[in-house]
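Across the two complexes that follow, subunit A remains constant while its partner is subunit B and subsequently subunit C.
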Partner chain A sequence: MAQTFSANSHDTAALTARIEKRWAFLMVGIISLLVAVVIFTSLHWAMMPPSRVETINPSTLHLSGEFVESNLGSAVEPDGSITVRVVGQQYSFTPQCIVVPSKTLITFRVTSADVIHGMLITGTNINSMVEPGYISTFKTEFKQPGDHLMPCHEYCGVGHEAMWANVKVVDKDVFSKMALNTRRLTCDF
Partner chain B sequence: MISNKRLVLAHFWLAFAVFGVAILLGEWQMFIRSPLHAWLHNPDLYYRSVTAHGTVMGYVFPTLIAMGFGYAITELALDQPLIGRRWAWAGYTMIIIGSIAAVVPVALGLDSVLYTFYPPMIGNAFYYIGVVLVVVGSWIWVALMGINLQAWKRAHPGAPVPLPMFANVAAAYLWGWTAVGAALELLFQILPVALGFSNTINAGLSRVLFSWTLHAIVYFWLMPAYIAFYTIVPRAIGGRLYSDTMARISFVLFLVFSMPIGIHHLFADPQVGSGFKFIHSVFTAMVAVPTLLTVFTIGASVEIAARLRGGKGVFGWLKALPWDNPQMLALAFSFVMLGFGGAGGLINMSYQLDSTIHNTQWVTGHFHLIFGGAIVIMYFAIAYDLWPHLTGRAMRDLSLIRAQLWLWFIGMIVTTFPWHYVGILGMPRRMAYFDYSAPGAAGEAIWVVMSTLGGALLVVSAVLFLVILYRNHSACQVEPAPFTFSKAIHEPVSLPLALNGLGLWVGLMIALTITNYGYPIVQLMGLPDAKVPAVFVGAK
Partner chain C sequence: MNAHRPRLISFRNPWFSASVGAISLLFLFSAFVGFVWLPSAQDDALFKGLLNAICSAAGRPGAWLGEAAPAVPPKAPVSSVVLTPGMFDGASAGGSIGRGATLALRCTMCHGARGVSAANTPDLAGQYAASIYKELRDFQSAARTSAIMAPMVVGLSDQDLRDLSAYYAALPRDGGSGERKMQPVPTIVATGAPMRNVAPCESCHGDMATKLGAPWLGLQPRDYLKSQLEAFAHGGRHNDISAQMRNIARNMTPDEINASASYYAGNR
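Showing the complex of A and B:
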């Protein structure tokens, strides 16, 4: 084998280059396909991460604006959709337990009062960073009633491991009855 | 012939010594947060340990390996003595001083901020200063690599730069530029607050600057492993490198494409717009190309070795490979782990799939498999290959070496596969303990125990590795054959300018960094509202 390399060096060089090029084109093709899938899903399912670059002063969250304590939790919008407002701080979320209806469009608006936090809801693909100075906004819909855990997933200090909240998804009709007499809902309303 | 043996050995030994300590911390972390141990009374001990483990494994260990290997390559590939040996020792000293300055306050609990810093949390300034010193020490190496290459080129006008040196200098330039992001964050955002000149910080901007470093640093860790794939393994198993040109193309593609992609770490962040997230996702897909090219070139090079040894058939040649050769074994293990890790990586980079696993144990599993697995096993292989040339003594413990590599491979799979799985279940990263009795978390307990056992195998393997290297220093003296790198089937006679120097590619790397990072950084700098009060950690 070694002899053929040197004897026919020019031919083998062309041959090796040809095989190699074929592979390179194939790989670029596969990668392009992956990118096409990403584009298709982001447009077709409108799956977008929180990306609005909206700022807010974390020092005055509790004094005025949409993140005052009485305004946190689930709110029914005029169009029937739900807006959930949550604040993360060392080492808890407010509200600690979120209640939302199934089969309804839900918009989360989340921010932090101190350091960087994160949140995910187990069993779903809801996953966002929660950063002081910025508001994370994202939309979702829960298919069926059930209980989920909502841990803080970003290191936020020595009590990070204790920062867990709960999400309770209830039937749409049950939720409507709960919402009759109150402006904002949490599990303990 | 290496004339600066002490310099190279000093780098490698310090690297492996700190690695040995950090792996014990890692296993302790896995143990105390598993169901095998009660909840830690002082969770801060866990975060101190995570900070130290990450700082050592992420910054100190791979940097020292790249530097030591780089100094060896300079002399072996260019066949000229290293220029700037005093400077090299100065850089080494800075890394020692920086590491001590960083680790002492971490041990005291003044800097439990993890190696990713996480402002607006701010710790004791000495930790950050220590990290800066480590980086500046490594920048001396970056400069020396460039200077040595230039000197060789002046002495050999028009001659093809040897592939190992070409790749080594590409790695150096990549590191030089990618470290700038974290340096900007430390110098302009964190240190002013840590030293008391300011008390607010833009956490979103800090994260963007850190992401500039955070992804390309992985490719910097990876470079020594890839250099070994191309220039050591084919020679060690008796084969030839399939293509010198493709190797160069792969290295320059890494240089260009590993930089402008870091925002894929920020897909779930509110401070970057979706447009730039999308662009970084696409560029991340492109950086898979040089790895896929490498898989082909190295696969073909290995096949050449097998056929030269009489291997036949479409797959039958696999049997003819020298499986008892540690380099063959390390390469095969590395490729398997690279395959699984790379497939996981494609999931992370895909925008939507990322949201199912972002910041879960999946990510911990992913980078341990890629870095701790595919890359570090090649660091072992590099050490095994170079050691006789550094000590002048025979490497006799071949069966021990094989056992060590097997243990590392099995340990890494047993550690990281369960991590991936519990990540999909939604188990978050970086927690000092878990409530395994909580509904929805109980099913994770058995998997966490399994990965703790995998970690124990890794500790045994690391101890074996250190013992093998140590024993070599008292083995019988030999005169090792002159060190050579792999020969290509067609050795380059003359190369196009673009593949014989890095100027064009460094230019592209900087230009793409500016187009992909310029706007997000300028936009965030223009948001004074987003400056938030610092939150100090540690005893005050």
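Showing the complex of A and C:
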């Protein structure tokens, strides 16, 4: 057997070289495909890993700044867009019912007061970690009115399964009427 | 035969130079995609420009909200207590039990000589120091209102409150008759109502898990527990930080409020 092998060693080397070349092309092809998938989903589905890093002290959220209780919920900005501020803590989101208008630019600002939580709005591509010490910022637009669930999807403790919120997307006009009476909107109660 | 082969790691080896070259190109292209192209596709001003795009994608902390309407101040006082695991670390921060015992003389007429009484007031013996301290501070700041407690905390310093908390936390809990352990645990206490956004009581207050600032509820008077749950549910009590307890109590049914209050009251 060894004899045969050494006799054909030149052929074997050529064969190996051919296989290695094919393997290299295949590998480069796979990596290129993965990079292409990242580019496509980022540009067309906005599935980009959030890289908007912003820090905050999680133990003093309630004392001052934008995450004080009276400032949570949906705020109408001067440019007509909506900023929604949410605090996640064991074991609920505040506000528990988020109300936003359809066909409007929405900026979510979410942070945690204790441990790592997650937020995911069903039926949309919104899916983010909610980490203590960091503010998760992301922008979206809801195409049509409807109700969505927003469960915490990072195990956060023994009450994790009870932690979720509602997201109510209402018609733009309905929302403007609601916004006349209050500066921060929620649909709690 | 090996002597005739070119050296493996050398740019004269076409395999080596081709593979290293290809990987370098791929790396440079991927870096361009991740740090320049895709960040620049975002419409945030902070991603615009080469340096901004690279730094933001790399995770440089910044302020990501542009112009925003000013924060709405609270209508009523809210709790200003900062709860951290190390809040009682250190000799003075931890409080003096002996000094607390002297200060506690003013509390005995309602809360009992040793932190236990039959006056429908909360039992303080063996309560967590953080919980006592938080409530006392909230009574002082009027975040929690009580006609009885408000005048009692006037003039007490932060150190006084720490000493009182340390004293009551050090007292032995009222053992009761042990009947609480024998009765069946209501669903709301053990598993909550996840479909209605209600976590189990025990996940913060109980034997299953505890949360800093959440009080121990074992053997508290039933009337007190029920009235507090109802106050949370209707917003009359609002010193829970970021509505933590109001969110829960609001979704509880009257039956669940009764069941949990009775369970934690034991046979009192």
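Quick note on the criterion: the second predicted complex is superposed on the first by the 157 of 189 C-alpha atoms of A that agree within 3 Å, B and C clash if a C-alpha of one lies under 4 Å from a C-alpha of the other, contacts with A are read in each partner's own complex, and residues count from 1 in each chain.
Criterion: a residue touches a chain if its C-beta (ideal position, glycine included) is under 8 Å from a C-beta of that chain, and two chains touch if they have at least 3 such contacts.
The model shown is predicted, which means the values in this text are computed figures rather than measured ones.
> Touch check for A:L120: first (subunit B), second (subunit C), both, or neither?
A:L120 contacts subunit B only, not subunit C.
> Please work out whether A:Q96 is in contact with subunit B alone, subunit C alone, both, or neither, and reply first, second, both or neither.
So A:Q96 only meets subunit C here.
> So, A:R109: does it touch subunit B (first), subunit C (second), both, or neither?
The answer is second: A:R109 touches subunit C but not subunit B.
> With the two complexes superposed on chain A, say which partner A:S59 touches: subunit B (first), subunit C (second), both, or neither.
Both partners.
> With the two structures laid over each other on chain A, which partner does A:D173 touch: subunit B (first), subunit C (second), both, or neither?
In the superposition, A:D173 contacts neither subunit B nor subunit C.
> With the two complexes superposed on chain A, say which partner A:D11 touches: subunit B (first), subunit C (second), both, or neither.
It touches nothing on subunit B or subunit C.
> Touching A:E161, do we find subunit B (first), subunit C (second), both, or neither?
both
> For subunit A, give the residues common to its interface with subunit B and its interface with subunit C.
Residues common to the subunit A contacts of subunit C and of subunit B are 20, 24, 28, 31, 35, 38, 42, 48, 51-55, 59, 90, 114, 135, 137, 157-159, 161, 164, listed in rising order.
> Tell me, which parts of subunit C touch subunit A in their complex?
Interface residues on the subunit C side: 15, 19, 22, 26, 29-30, 33-34, 37-39, 41-44, 46, 56-65, 67-69, 71-75, 78-80, 82-84, 192-194, 197-200, 202-204, 208-209, 211, 241-244, 247-248, 250.
> Please give the residue numbers of subunit A that touch subunit C in the complex, ascending.
Interface residues on the subunit A side: 20, 24, 28, 31-32, 35, 38-39, 42-43, 48, 51-55, 59-63, 65-72, 75-79, 83, 87, 89-94, 96, 107, 109, 113-114, 135, 137, 139, 157-159, 161-165, 183-184, 188-189.
> Where on subunit B does subunit A make contact in their complex?
43-44, 47, 50, 112, 114, 118, 120-121, 202-204, 207, 240, 242-243, 245-246, 266-274, 277-278, 281-282, 285-286, 288-289, 292-293, 296-297, 300, 304, 307-308, 346, 350-352, 354-360, 425-426, 428-435, 438-441, 489-490, 523, 527, 529-533, 535, 537
> Which of the residues in subunit A end up touching subunit B in this complex?
So the residues of subunit A in touch with subunit B come to 1-2, 5, 9, 12-13, 16-17, 19-20, 23-24, 27-28, 30-31, 34-35, 37-38, 41-42, 45, 47-59, 90, 114-116, 118, 120-123, 125-129, 131-137, 147-149, 151-161, 164.
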